[in-house]
Each structure stands twice: as C-alpha cells, then as structure tokens.
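In the two complexes that follow, chain A is the common piece, with chain B as its partner first and chain C second.
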Partner chain A sequence: MTAALEAINLSVERSKQTVLKDVTFGVAPGEVYALLGGNGAGKSTALLTFLGLLTPKSGTIRVQGRSVSDDLTAARRVTAYLPEAATLYEHLSAHENLAYFLSLAKAATDRAALDRALDRVALQPEARDKRLGSYSKGMRQKVAIALALLRDTPILLLDEPTSGLDPIAIDEFNTLVRSLADDDRAILMVTHDVYGACQVADRIGLLRKGELVGGFDRPAEGRIDTEAVHAAFAGRAVA
Partner chain B sequence: MSTIFTIAAAEWRLWMRSRSALAALLAVVLIIAATSVLTAVRFTEEREERTHQQEVAEETFLSQPARHPHRMVHYGHYVFRTPPPLAIIDPGVDTVTGQSIFLEGHRQNTAMFADTRASANVGGFQSLSPAAVYQILIPLLLIALGHGVFVREREARTLAPLLAQGVSGVTLYVGKALALAGLSAALLTPLLIMSLIGVTSGEAIGVSLAVVVAYGAFMLVWSALIVLVSAVVGTRGVVLGTLVFIWLAWSLVTPRLAVASASAAAPSPGKLETDYQLLADLRELGDGHNAGDPAFDALRANLLAEYDVDSVEELPINFRGAVAQASEADLTKVMNEYAERRMALEVRQSRHVNGFGWLSPVLAVSAASRHLAGVDLETHHRFLREAEAVRFDFIEGLNKSHTQELSYTDDINRNQSPEASRRARISPENWTVLDAFRFQPATSNQRFGAAAAPISMLAVWLTSLVVAGVFATGRLKP
Partner chain C sequence: MSGFGRELWFLWRDRAAKVWLLIGFAAAGLAVVFGLMEIAAQRETIERLKTADEIERAVTTEAHREDWGSAAYYTFHLSYDAPEAFAFAALGQRDASPWKHRIRMLALEGQIHETDAANPDFALIGRFDFAFVAAMIAPLILIMLLHDLRSGERASGRYNLLSATSADARMLWLSRAAWRVGALAFVLLVPLWIAGFVSGAGAPKLLGASLALLAHLLFWWAVIACVNTRTWTSTVNLTTLIGLWLAFAVVAPAAIKAGVDAAIEVPEGGDIMLTQREAVNDAWDLPQEATMKPFVERHPDMAPYAAIEGTFEWKWYYAFQQVGDQIAEPLSIAYREGRARRDALASRLTWLSPPAKLERALQRLASTDATAALQYEDEVRAFHAELRAYFYPPMFRGEPVTDAMLAERPNFE
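Presenting the complex of A and B:
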C-alpha cells in the first residue's frame, strides 16, 4: 500500500541550524504515527515540511505518493492541519472561524455540519457564537480540532493536539483520533505526551535533536508499552 | 476568485469589529466631509462671484460716459479667471497665482487675488483641499488600517493554518490587497460625489471621472505597497516604521527636494531684477504720451510721406493717436518677450518637479489631479496670455479711435480750451472695442494629454509594486 505520508532521508534547516537530520518514516492510511520528542527535537518542523511551509535541505517528502514540492496545492488540499497553539481569530466566534477556514479550503460550511463537529469535540453550544477572545485555551483547542475534523481529509497533521485540554477531553480526543484512523485516515501526530502517544498511536518514532533515534510498534494486542517509551524518551534503559 | 473575496471580506470584518479602526475611519471621513463641503462651498461662491465681477467690470467699462480715449486706456479693465468646476476638488495653482488682472495701457500687471479668501494661508481647513486630504491623509489611514494585514497573521501564528488550507501566498496577497482596495474605493465615494457635482456645474463627465480614477490608482499604489511591506517585513513595529518612513519620504521630503532641485536646475532671475531690466528696455522705446519723443521721428516721417503732407497738423489722422498705437505695439512686443521667457522658465521648473513623480507617486497624482482639474500652471499661463490679448485689443482699439476720431488740434488744445476738451471726447459706443472675457477651462483632450505622463507614472508604480508583491508572496513562509 502506498504510504499517505513519506519522509525519505529528510533534512531541514531553520535559521541555518539543522533541525531535522536524515529522517525517514512513513504513515499509511488507517495508521496513527506519533513523533515523540522534547522541545526543539524537530517535531513541528516535520509537520510544516509536509505542508510545504518549510523547504527540505535534502531528501524527499511525499503526500499520497506525490512530491510536495511538485504540487503543493494538491498536498494541502488533502491534508488537515491542527496547529500547536490553536491559532484562530480572536475577533471571530467559533462558527465564524470554522466557516472562514473551511471556505478557504473550499469545504462545506453549513451551520449544521459545523455544529455536528463542535458537538463531537464537546464545545458548549452557548459558547459557539461568542468571540474566541473570551475562550479558555482548551475551548480554542476544541474549535481547532473541529476544524481539522470538518476538513474531512484523508490525512491529518496534529501538532500537540491535546495541549490545553483537561484529562477527560484528552481521553475523548484520543478516542476520536482512533476512530478517525479506523476510517482509513493517515494521522501524523507530534507530541511530547508519552502517555497520550502510547494510548493512541500504532507506531511511535522517537526524535532527538532532529534525528530519529528509536521506534515502537503497537503489539497485536494492547498498546505500546508506556514504560519502555518513557525510558527511551528519557534516555535510560528499561528495568 | 471566491477565495480572494473571502480573504478580503475577512479583513473588512476585522476592521468593522475594531474600535480603533472605526475611530480612525470616522476621523478621516469627517475630515474628507468637512474639507469637501468647505471647498465646494468656497469655490462655488468664488466661481459665481468672479463671473459676477467680470460682468460688473464689463458693464462698468461700457457704461462710461464720453471721454478722451486715452483716459479709457488708463481707466482700464479687470479680467477674472473663474475656477473650473473641478476646483472644488483641487484648487491647484489658484491659491498661489492670483486670479484677476487689472488691464491698462503700457503695462502688463501681475495677477492679484480676486478675493481675500482666494489666497493661501488663511488657515484651518481653508488651505486643506480634498486633493490634499487624498494625497496626504488617506495614505496614513491606509497605513494605520492595513499595515497589519500580513504581519498580524504572522505574529498571531494564523499564517500557517491559513496556508495549510491550500491557499497560496499570492492568493492571500491579492485578497488582502483587494480588502485595502475596497476600503480605498469606499473612501473615494466623497470624491466621486464631488466630481459629479463638477459635472452638474458643466464639467465633462470623462475628465471628472478621470480625476477619481487617478486618485483610485494612487490609493491602489499605497494598498499594494502596504500589503507588500506587511508580507515581507517580520514584525509589526518595523512594518509600521517602514511605511511611515516611506510616507514621509513621498509626501513631505521628495516634494521639497523636487522644488529645490527645480530651482537649482532652472534658476529664475527674481522679480525685482527682471522688472528693472524690463523698465530699462521699455524706456528705450520712447514715451508714447509724448508725440515729440525722438523715438517716433521715423513714424512721423513715414506718415508725412505716406499722406504727402508737411506737418502732423495736416495729417488726416491724429498723430498722437498714431504714436500711442505704435508705442503700445512696441511695448507689448517687449513685454510679451519677457512674459514668455518667464513662463517658459516656470514650465521648465514645473516639468522638473513633475519628473520627481518617478520617485514619489504623491507628486505624480498631484500633477495628474491639477492637469485633469484644469488648475495647472499651463492653465494659468493661458489665462495670462488670453488676458493680455484682451488688453492689447482694447487698448489698440481705443488708440485707433484716438487716431481716427479725434482731431490733432483738439487733442493738443484740450487742456487750454473747454470747447476743444469737449470735442476731444468720443462717444461711449467706442467702448465696445472691449471684448467680453469668459475664461474657459482647457478641453478634455488637452487635459488628458497633459495628465498622460503623471498617470503613466502611477501605472508604472502600481504595476511594479503588484509584481513585487506577487513575487514576494509566491513562496510565503509563516
């Protein structure tokens, strides 16, 4: 099966610093791949490169088998992106934010569909027509997640998606991500939340200083071993 | 295309929800309204007043009783330059050149101000025309509202999600430029109303709309620049600083530089120096009031030979009138040479200043505005030439009456004999030598021709900035 997302020997520089070094991985449809790493490991850089917002120094980056540099617009059309800090417009309401971004993506913007997505992320109905300036961080994150859902694309790029969510919302979100993958979507998620990654991911890639230093696959039954990942993340052996 | 409109509409929605943006917009709209109303009222009144004064001046001249014709030469006459209808938008040189001239024999008087209000420096809104508002203040509003169109997205980190929706940087650029262009179009509404008022006052509709189009192009230049700077410069403070710097350079520094450069490139000798030189040259032509002046010996000899007589008393014409006629023609020739030299110098200086439109679109639009409104230097020069033609015609008409209708004997004895004095007067029917004067604006074609160069400059500015904007945003990064 063709991987929905592929990075082959990818190296990326930002401000003349090498942020990603010779990284290779792929994400198949129906798969959740979590890139796990600390601050500055290059996780977000990987997502931005898939979106064509950063240009690789070397290597290849493909979306649905086609080089991103060859057809940037096509790559973005099939990709929904959830940015790290729920970057939406504070002067717009949840409905208005969703309608605006979706209209740019040429996606449907009928209010019923918007409400269904907001229901899925459990955003209170009474808040939906208020401007985001009055929202908590978690509420904004829910709107951003709803936007990613509404794009209804075969590929999702999630940058620290549970940042700002309360524990219950995190659990609900992880369930949602699994259900999206079960719908044959390819999901690339970057996070430093070891527990969340193990809960939801089929595979985990461990990034350290721009290099992919380890990987974990979900066993046939159960989840990826949190303790083993945590130990690798912290740079120590598992007891 | 719908994406572009969606982006533009989003900018509009932001401005409509921003109190500071609305306050700035309201302030500028009030200034436009105030200056438009004040300038429209002022120039409509002045137009009527100068037209009325012109009629009064002609009636007064024509209603003079029987007089000696040379008294009428010095009684003189006034001509007024009525402002064209579009002076309600751009008074142009009207406030600095004077708009009325006293016409009399042997002199070319300089233009005076027809009315106290017609001069500059009366203060307040009086000197702030709609043209000045559109040239100087509107760009500041565009900067205030538009400087953040890209940099705001970058600072709020919304640029990446925007691009991630499949929107290209160029589409964002065009959409945001369209938002500013839409704002510009809305701000042009008062100008459009003023131009239509001009049409109702007799202005050609083509040239009236061309003024609006010229200012529209100028505002598009600013819109394209603002979006470009906002897209390529990293932080809001630097964007604002850069745009204010450009505004200062274009609006205040370059125009002064242009004037200083024009003065250096085509230095004018100064009025006193020129006037003294002119007087010296005129003195060499003789005194037309003195028929015995040696300067007219040749004229006397020629006339005596032509009529085959031995003395001026025997001439069938009045020799004094003939001297006045010949003297006026000679004086006028010299005065016209001086005037043409001065006007040529002024035109050189004006063209030099206009050339700076390649450095500042403010100079380009101000030149286009003056040409299209019919308030440029060339129009003032045409007024001076037409006024001089009227002066020369009626003076020479009176001199001709002096020559043909008055006997030489009565003329030279009119201060000694009451009877001779009575006979040395001619009837008021002779005053009809004065032609009616109604100063007309240049034709539309003439004004379009004059405005072609500065409008081309605006087109080049706009094209260059749009190309630069498209190039810069083609590979836009968050």
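Presenting the complex of A and C:
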C-alpha cells in the first residue's frame, strides 16, 4: 500500500542547528503512527516539514506520493493539522472559530455539521456560542479537535493533541483517534506521552536528538508494550 | 462564509481594530470640522471687512476730497485671498502667510511684509487639518492595524494553524491587510467627502485628494509589509515602524526644509520692509530732485508734471513712496524668486517624505500652498499698481476731485 505520509532520509535545520537527521518513516492509510520523544527531539519539526512550513535540508517529504515541495497546496488540502495547545481566536465563539477556519480551508459546512463535530468532542452545547476567552484549556483543545474532524481530510497531523486534556477527555480523544484511523485516515501524532502513544498507535517511532533511534509495532493482539517503550524512551534496558 | 466577506467579518469582530478605525474616523471628522470652521471664520472676516471697508471708504472719501493726495492718503483698500471651497482640508500657508491686507497708496512692500511672522505654534507640525491627519496620523493608525498581523499570530501560536489550514495563505494575509487598509481609507475619506459636499468642493478635487490619500496609505502598507516579512516580534515590528514613521514624517521634512533653506537664500520679509521704510524716511531729508529723478525714470509720462515748487507737495510725497518700493524692489524680487525656487526644490525633495508630499498635494488642491500665497502677493501688487495708475495722472496734473472720477476708483476683486 502507498504510504500517505513519507519522510525519506529527512534532515532539517532550524537556526543553523540540525534538528532532524536522516529520518525515514511512513504512515499508511488507516494507521496511527506516533513519533515519541522528549523536548527538542524534533517531533514538531517533522510535522511542520510535512505542512511545508519548514524546508528540508536534505531528503524527501511526500504526501500521498507527491513531494510537498512540488505541490504544497495539494498537500495542505488533504491534511488537517492540530497544533499543540491550539490557540484559536479568543474573541470568537466555538461556532465562529470553526466557521472561520473552515472558510479559510474552503471547506463547505453548515451549523448542523459544526454541532455534530462539537458533539463528537463532547463540548457542552451551552458553551458553543460563548467566546473562547471564557473556555478552559481542555475546552479550547476540543474545539481545535473538532476543527480537525470537520476538515474531513485523509491525513491528520496531531502535535501533542492531548496536552491540557483531563484523563477522561484523553481517553475519549484516543478512542476518537482510533475510530478516525479505522475510517482509513493516516494519522501522524507527535507526543511525549508514552502511555497515550501505546494506547492508540499502530507503530511508534522513538526520536532522540533528531534521530530515529527505535521503533515499536503493535502486536496482532493487544497494544504496544508500554513498559518496553518507556524503557527505551528513558534509555534503559527492559528487564 | 465566503472568502471575500470572511476577512471583513473578521475585521468587524476585532475590537482593537475597530477602536483604531474609530480613532481615525474621529480624527478625520474633527479635522474637517475644524477646517470648515476656520474657513467659515475666514470668509466671515472677509465679508465683515468688506462691509467695514465700504463704510470707511465712503466716510474718508467724503471727508478728504479737497485734493487727490488727501483722497489717496486717507483711504484704505481691502485686499484679500478668499479661501477655496476645498481649503478646509488643507489650511497650508494660510497660517503662515497673510491672506488679507488693508493697503494704502503708500509704499507697498512694507505693507505686504509688515505682518510677516511665523506662528511658532504651527511652524513645526502645522494645524490640525485633514492634511495633517492624512499625512501624520493615518500612517500611525495603519501601523497599529498592521504591525502584528503575522507576528501577533505567531506569538499566540496560531500562525502555523492558519498557514496549514488556509487554501491560499498568501491571499489570507493579503486580504486581511487589504481590508484594514481599505477600512482606514474609508473612515478617513467619509468625513472628507461629507465636508466636501457641505463646502461645495468639486468632485475632481475630492477625487484627487482621495487618490493622494490612497497612494499614501499604499506606500505605508508596502513599508509595513516589508517589516512584516521579518519574523520579528510585534514589539520589534512596532518599534521599527515607529522609527520609520519618525524618519519619513518628521526627520525627513525637517531635513528637507533645513537643506532647502540653506541651499537657497531668501531675504526676510522684515528686511524688505526695513529697506523700503528707511528709503521713504530718508527721502524727507534728501533734495526733492533725488526722489523725482528715479520716479520719472519709471514714469516718464509724469515728467511734464514732476517739478516740485513748495516744501511739500503730494506728488513728491507719493513719488518717494514709490521710490522706496523701487529701492526695495531687488530684495522683493529676490524674495519672490527665492520662495518659488525653494518651493520647487522642496517639491522635488519631498518625494523622500511621502507624508510631506501628501500635505503638499492637498495644499495644491486647496490652493493654500506657497504658490497660492505668492500669487496673492502678486495680485496685491497688481492692484496697488492699478491704484497708482488711477491716482497719479489727476494728482500730478493738479485736477480737482470729482464724483465721476471717484466712481472709477479701482476695487480689489
């Protein structure tokens, strides 16, 4: 199967520092791939490179088989992006934020569709017409997730998507991510949440100082072994 | 939400932008109201003076008709430069240069320049008129509206989301900025057009002023866009842009003025007045021939009547008034030519300062620039020459004052 997202020997520099070094991985449709790493490992850099917001120093980035640098517009059209601690417009309501960003993406929608997406992320109906300035961090994140859902794209790029969510919301979100993948979407998620990654991902790539230093695949039954991933993340051998 | 209306709607929901636009509207509104009031006051002054001048001339004419010398000596003549309908937008030189004189048939140059005095309140920044708002305040408001267009989004973590979500990110920033520029132009121009229709300024002038303002805003938009291409913070952007505003709007005009003044010397109006008055005062102590000779050279048609028989004759008196003007003439010509050359050089150099260029353009449209001020001085000189041409022949020939002749006395129109 053709990978929806591919990074081939990808190296990226930011402020003259090499942030990603010769990284290669792919994400197939229906698959959740988690890039796991600590602060400064290069996780977000990988996402921004897929979005064409950063230019590779070397290597290739492909979205649905086409080089991002050759057709950035096409790549963005099929990609929804959920930034870390997404800050939508605080002076607008949830409905207004969603309508605004969907209009930017030229995605046709109506209020009923907005409400369905907000139902899906469990945002209270009475809050939807209030300004985001009055929302908690978790509520704002839910609106951003609803936006990613409403884009209805075959590829989702999630940057620390559960940051700021409470444990129940995290479980709900992980369930949602799994159901989206089951709808044949390719999902690339970057996170430092080992437990969340193991719960939801089909494969995990471990990034350390810009290099892909390990990988884990979900077994045919069950989940990726959290303990093993945690040990690798912490740089110690598994007992 | 359509792409076209989206950014307009977004602007409408931006409280800070609305506050700045409201400030722009209030500033433009106040400026045109002040301008209309000032022009109305100037017109009222002219009408009041015209009425008073007619009454006074009738009284003095009746009281001093024993000879032409007395009739000329005691009669004042009002001259004025009535403001154009569009002058409310740019008061220009009307603050610094006189727009009304009460002149007599004495030496003229002193009368023209006796009110020359720069108003220190207005010398630096000018009056609060529409030209000032458009040239100085509008760029500041535009800077406030645009300086953090991208940097603000970066700081709040939305920039990547906006770029990644937008089907055409360049159009997003372009349309977001364009609506702000357009909205600012709208709030500035609406008061101008309303005031223009109230005052009776023609559509061509209003259109010309609107185009000049739009060109000015486009210049500042380009400047701000250049700064915004850097990935600086909003604070750095704002500081840089305020620095550029200071350079273009304050430092450059001051440097241009200083450079032009240094490059082209122009006699002071006070020097002209002093030269003329000293010449007139000295004439009392000089032999009468010393006055009549240069006078006759200028007026050969008066030669047959130039002999002075007594210790005082009006024709000698008026001759040394005229000779006073003749002695001051080189200075006066240098003054007029110098001011015109300074104006021409400043006009070229103000391309370096778009705010100054805009002010000049609006003052030209309003006929309140240096050219208009010099033209008014020339009109006063022409009128004074008419007075001399009217009074000299009967005065020198010793003819009696008649009602028929008085009815033909020139009036300034």
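Heads up, the rule we're going with is that the second predicted complex is superposed on the first by the 239 of 239 C-alpha atoms of A that agree within 3 Å, B and C clash if a C-alpha of one lies under 4 Å from a C-alpha of the other, contacts with A are read in each partner's own complex, and residues count from 1 in each chain.
Methods note: a contact is a pair of C-beta atoms (placed from the backbone, for glycine too) under 8 Å apart; a residue touches a chain by one contact, two chains touch by 3 or more.
Quick caveat, the model's predicted, so the values are computed rather than measured.
On the shared subunit chain A, the superposed partners chain B and chain C overlap sterically.
In the superposition on chain A, contact is made by A:100 with both chain B and chain C. When the shared chain is aligned, no partner comes close enough to touch A:39: not chain B, not chain C.
When both complexes are overlaid on chain A, the residue A:79 reaches chain B and chain C alike.
Overlaid on A, the two complexes show chain B and chain C touching the same residues of chain A, namely 48, 51, 53, 73, 76-77, 79-81, 83, 85, 87-89, 91-92, 96, 100-101, 103-106, 151, 157.
The residues of chain C lying in touch with chain A in their complex are 1-3, 6, 9-10, 13-15, 156-158, 160-168, 172.
The touching residues of chain B, counted against chain A in their complex, run 2-3, 6-7, 10, 13-14, 17-18, 156-158, 160-168, 477-478. Those residues of chain A whose C-beta lies close enough to touch chain B in the complex are 48, 51-54, 72-73, 76-77, 79-81, 83, 85, 87-92, 96, 100-106, 151, 157.
Taken together, the chain A residues at the contact with chain C in this complex read 48, 51, 53, 73, 76-77, 79-81, 83-89, 91-92, 96, 99-101, 103-106, 144, 147, 151, 157.
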